Every structure is written in structure tokens, then in C-alpha cells.
Amino acid sequence: MKMDISWRFLRVWQRNLAVYRKNWLINFLLPFFSPLFYLVAFGISFSVFIVNIRYDANQVSYISFIAPAIIAINIMNNSFFENTYGSFVRMYYQKTFDAMMSTPLNAEEIITGEIIWGATKSLISSVIMLLVISFFGVVSYPAALLIIPVAFLGGIAFGAVGMCFTSMVKIIDLFSFPVFLFITPMFLFSGTFFPLTGLPVWAQQVALFLPLTHLVNVLRALNYGLFNADVLIGICYLVVFSLITIPIALFKMKRRLIK
Amino acid sequence: MKIDISWRFVRVWQRNLAVYRTSWKINFLPPFLEPLFYLIAFGVGFSGLIGNIRYGTTQVSYVSFIAPALVAINIMNNSFFESTYGSFVRMYYQKTFEAMMATPLNAEEIITGEIVWGATKAVIGTVIMLVVISFFGLVSYPVALLIIPVSFLGGIAFGAVGMCFTALVKTIDLFNLPVFLFVTPMFLFGGTFFPLAGLPVWAQQVALILPLTHLVNVVRALNYGLFNSDVVIGIVYLAVFSLLTMPFALSRMQRRLIK
Amino acid sequence: MDNDQTLIKATNLKKSFGDFVAVREISFTVEKGVCFGFLGPNGAGKTSTIKMIYGASPVTAGDLFVFGLDIKTQARAIKSRIGVCQQENTLDPDLNVLQNFEIFASYFNIDKKTAQDRTMELLHFFALEQRRNSKVAELSGGMVRRLIIARALINQPELLILDEPTIGLDPQSRHQVWDKLEALKEQGLTILLTTHYMDEAASLCDELVIMDNGTILAQGSPQALISKYTGHHIIEVTEPGPELIKYIQGKDVWQENLGHRLIIYAAEEHDLYRDLCSRFANKDCLLRSASLEDVFLILTGRELRE
């Protein structure tokens, strides 16, 4: 199937930005309390019950351990949910894509615009979260500034895989499957709230196939001011993951939109 | 405003049951796996990091501490989300309530049927979770069987308060407010993942005003085979909470549905 | 290529979805400046045909040229010169009216100032200026429809395509929409529409095709179709008595016996009406003008469809 993507995808991005700016209080600021609450709950209260965590060869505080993980989770949630529920509602209920396709925009540009928009949401919220956790004194600058471009890359990865699901679900309820069988396990088992070493070996190996594990690894290392093998491997993984999921998403969504 | 509820509310309940049964694989299976994953994650993953927890005067394992909390959270989620998002979609998008009100059913019966349905989902989820955590050897029978009627009461409480919000929100996005400012804080700070003692005193006192804290207290105590003051206070709290929220939900929804 | 008055040319156009053939090798041309209609029952293939014309659905077989450009290879160029008004409400519920127009204009790469000017002109033309800051949810069905049509004109298209433009609207709103479409036609806009409302087709269309089951049953102006298929006047007799029926059958006139009703076509060709009234004093004997509905029923049959 021939793909023809011009700069016009930006128009789709601009449309989403316009809507976002109207509703930013309810749809952005409010959900932002969630990672904040998690940070306080787990970083402060919960950490009372936890001995220090081993990270590489060091002992680190629990709050410094989970803060980058919470940013990574936030990146995943922002782009994944935007490109699943968000895009599906636009496509199926609001018929927004139908309207767009009667203009010079084509299907590939719509999907590209949507994925980049999801990544943009991840980026914006990561910048804010980074600022917030800086107040807790758990961020090592300047290496941690690299978290920002990585946030965009992570947003692309999770947005694209989300869009793959959007191309397949017949009704909106079916998103339960990827949410509860993909997102939730990653949320819990990707070295987020406790180190991977807490899992049996086979589970650790499964975790290394999953995108959130790598995003967490990269962010955690950068947050500690390290640019090590974890970072390189993680970034490579996310790039490859995106290079695989983006074409699938474009192809399948184009097929769904144009019958 | 006059409230007139007959047995007919059962028809509304039956309608929801019929829909549930046709789509049970989607609506039931994935959400059921979520508390299971949490149990495994916190039970297995954290067991290396957290020692035993002080409960009352004894030391208990962390996994036995959180298992009943997960049951309580499940009760809250099931009934709250059903009477918020679930009912709102039926009311506003599918116009189901409009169709019902052209029959002998009145508004109060519809709302009662909806709330009782949410509580039913909570009971079903609870029964299954109890069976599952029994396999982990974490349940003290026969006292723990009392969790089942308590789950119905908890379902009514959270269903009713959810319905209050449904009566007030103009658009579905506005549910973000109670979700992020009411449900999420309770989820994290209700003595769920760590004892209330881990919070500063003022926060502990705030927590004791909130419904989930009490539901967790009751379910946890019963799960340990105890029928103590926590249980009595908690049940009384939930009953009073329901007696306050139900009439408010009924009258505001009645006003919303009949213009 | 035909003369440069031809805006759309379809030759043996086919559309199938797997095994199901929605449009069976139809051919038609649409000239500049006319209002061209696709009339037919649900499932006739009207929407499938229209979607091929505006590039939302790929052509299975045959040729389709719009503005002399091939839809298969130059869809983007075609889309920048047309305006489309879909059957569903495709307005953005998250934006207000003004923003809906601005965002839509950006898809055509129209600069903001031009977009704003044109938006105000269009809102004025459709009598909706007061609504420019309204949320979409606050608008009535008729307003929504007028707005979607208005929005479709933001790029000053040469061709306006409307899929069931007045479906679900009350009579006032329908007439308002028709008035606006007439005015646009007078300005020289070519209009293509699909409808299953006979009165709409009769009142708006200069030329129409009647479709059923993916094929074109008839083509022509409303008057030409009526002339050919039913005659201009019809006599309708409700509950005809057996004598009346026998009398009519004895005459060499074009008739249809439906049990409860007897229909006699092309009544202008004979004096049967006065004859029937004087002979049978039947108060349920009606002489009326033929309509597209009669043409339609003759062509597509009277049985209930699935």
C-alpha cells in the first residue's frame, strides 16, 4: 500500500492542540495530580516501610528510585490512552477523521498527526513532572535534561502501539484487553515500583521484551546522571519498537479508514 | 420532591444484567485480572523490600495486609465507575433512560436499579477475588464470609456517591474531577498499600472521613477473622454514608432526568 | 475528454466490498452549474458512489474523472476544489462554531485572516452569525446541518457534494436548507446530492438518476422522468367498486390495480376523470399531478424492502 505523508499532518496536530487548549484544566491539569499523588504516597509514606533499594552498586532512596519510573508511566499513559480511546472517539463517534478525509488531508497524515500529538502530550507532562520532582531533590542535572527528548521517543513508541490497537478494535470496550493485559502488567512489573530482581528470572526476561521496562531503565539512569549501557540499549529498543509499530499502525488504520 | 420507588427498579437491574451477560468476556475478564496482577506484584515483588507490617498488636505479612485492601478497592472501582461512566453513557449517549421513562418505570426506580446494579457488580467481583486469594491461603473463614454482604453495602455507598456526581457533571470529561481528586487519593492513602500510621496525623484524620478507609478497615479485619470495633465503626459509617448519598443522588438525578 | 462543461465523468464505475457489489458499472456525467441528484432507497448505492467521487472510498473498477482529473491518482488535487457535507454530524464537538471553521480551513492551508473573513461571510449567508461562539452541543439539528454545509464551502469549492442533506430535519429547516442550496446554485456552484426524499429531488435537482441495487434505473430531469414514466397527471381511485374496475379495464389506458386503489396514468391524454366522476359518482376519485414518487414506485416496485 502506497504511503504518502506530507507536512499536512501538522494540521491534525494543530486541531488536537486547539481542543487541548480549550479543555486543558480538566483534561490535563487534573490527571496530572495522579502521578503527583503516587509520588507522595509511595515516595514518602510507603518508603518508611522500605529499606533502601539497590541500584547497580549503590543504595538509593526509594523515592529517587520510583520518581523516574512514575515519569515513564506518565509518558506511557499519556500517549497510549490518547491514541487509543482518544483517537477511537474521534474516529468512530465524532466522525472527525471522515470530515478530514474529504479535504486534502489523507489517512496517513491523520494517523501521523495523531501519533505525534500523543507524543507531544507525553512531552509536555514530562517537562512538568521533571520540574516537580526537582523540588524533591531527586534529579541530577544536566544529564536528566535528556529525559525530555526521550519522553518524546517514548511517546511515539506507546502512541504507535496504541494506534495499532485502535485499528483493530471493533467497539471501544475491547480496549480493555490491551489495557489490562499489556499496560497494567507493565505498570506493575517493569521495574517500576520495585527492582526487576524482585521477580523470578523468567519474568525478568519477559519484562526485557516490554517497552516500559526500557523506558524506565533509560529515565532512571539519566535521572541519576548516568549515561550508561542501559540508556543506549533502552533508546535503541524504543527506536526499533517505533520503527516496527508505526508502519503497522499506518497500514492498518489506512485500511480501516478507507474502504 | 416526592420519591416513589416500587419493585420495578428490578427491571432496570435485569436489563443491565442482560447486557452484562452478552458481553461478559470483555467486561468481566480483563478487569478481573487487574487486582490479581496487583496482588502478585505487591505480594511477590515487594516481599523482598518490605518486612512484616504491624497490624493491631501483631506482625502480619505484607501480602496478607494488602489482599483485603485490593478487595475493597475492587468494590469501590466496580460500583463507582458503573454509576458514573456507565450510567452517564446510558443516560446521555445511548438515551436508555429516556426510553425507560416512557414506560411505567419512573426516574427514582431507574436510579435505584442502576445503583443496585453497581453494587451487584461489586459483589460478584468480591466473591471471585475471595476465591482467588483463598488459594494464597490469606483468608480466615468463616468470618471472612461476612465480606460478601459488606461488599454489597460498600457497593451501594460508592455507587450512590458516584450517582451524585453523574447528576452534576455536564460533560463526561468532568468525571476527571472526582476520579483524580476523590478516588485516586483514597486509592493511595486509605490505609491500602501501607498502614495509616505511615501518614502524618492530620492526614490520618482526613482519611478517617473517607469511605474507602472504612471499607478497607472492615474487609481487612474480617479477612483476619476478627470482628472488632473497626468492623462495627466501618459498617456504621458506610450505612450512614449511604443514607446520606442515596437521597441526594435520587433527587438530583430525578431533577436532571425530568425537565 | 468531453467538452469543458463536464465536471464529473464516470464510466462503468464499480464498487464492491468483498463479494457484495454496491455499485454495478454505472456511467453518468455531471455538467457544470447543475444540481445533480442521486435518488434511491437505502442500500441503492448512492452513498458508495458519492464516496468514490470525493475520494473517501477507492474505485473497484471503471473510470472516474472529476474536473478532468483521475480520482485514482489525483485525489488530493480534486479534494482541494470540492466541499463535502457528510450524512453524519462531523462537526468537532470539542470546539465552538468559529473554531470549527478555522480548524477546517487550516486543512486546506487557508491563512487565518482569509479563513476568518470567509467564515463570517458564510455564517451571515446561513443566518448563523449569532451562533459563532456557541458550542456544537447547543445547536439544533437544522443549525448543525446548515453549519456543515457552510463549513464545506470554506475553500470556495467548484463542486459541493451533499449526502442526504436534510435527513431528520423538520419541515422549516428543510426548506431553509433548500433555499440556501438554490441561492448557491444561482451563484454558479455545481451541486451533487443524494437523497431518498422525492420532494427534495423534484424541487432541487435539474438532473437526476434513480438508483436501486447499485444500478441506474432512469436518468433525466424530474419533468422528463415524470413525462416518460407516469405522465403528468394521475387519477387515483380509493376502494374502487367492481363495476368501475371493469369499466376501466375495458378502456385502453395505462393503469395499475392495487386492490384498495386503482391508478390511472397519463390522465392528461384522455378525459377519463370527468367520465368517471359522472358515471360512478365516486367521491374517492382524485386527479392529481404525478410526482417523482410515482416514477420511483413504478421503477422500483411497491413491496417492502428488507
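Descriptive notes on the structure:
Every chain is named by a letter (A, B and C) in the order it is written, and numbering of its residues begins at 1.
Going forward, contacts are C-beta pairs under 8 Å (C-beta built on N, C-alpha and C of every residue); 3 or more make two chains touch, one makes a residue touch a chain.
This one's a predicted model, so the numbers in the text were calculated from it and none came from an experiment.
The count of contacting C-beta pairs peaks for the chain pair A-B.
Chain centroids computed from C-alpha atoms place A closest to the centre of all protein C-alpha atoms shown.
For chain A, the chain with the farthest CA centroid is C. Centre-to-centre spacing of chain A and chain C amounts to 47 Å, using the average Cα coordinate of each chain.
If you average the Cα atoms of chain A and of chain B, the two centres end up 29 Å apart. Each chain gets one centre point, the mean of its Cα atoms, and the points for chain B and chain C are 53 Å apart.
Within chain A, the positions touching two or more other chains are listed as 23. If you check the complex, the residues on chain B that touch chain A are 23, 26-27, 30-31, 33-34, 37-38, 40-41, 44-51, 53, 173-174, 176-177, 180-181, 184-185, 188-189, 193-194, 198-199.
Contact residues on chain A toward chain B in their complex (touch as defined above): 23, 26-27, 30-31, 33-34, 37-38, 40-42, 45-46, 48-51, 53, 173-174, 176-177, 179-181, 184-185, 188-189, 193-194, 197-200. Taken together, the chain C residues at the contact with chain A in this complex read 17, 54-58, 75-76, 79-80, 82-84, 86, 88-95, 99, 103-104, 106-109, 152, 155.
Here chain A touches chain C in the complex through residues 8, 11, 14-15, 18-19, 22-23, 94-96, 98-106, 258-259, going by the rule given at the top.
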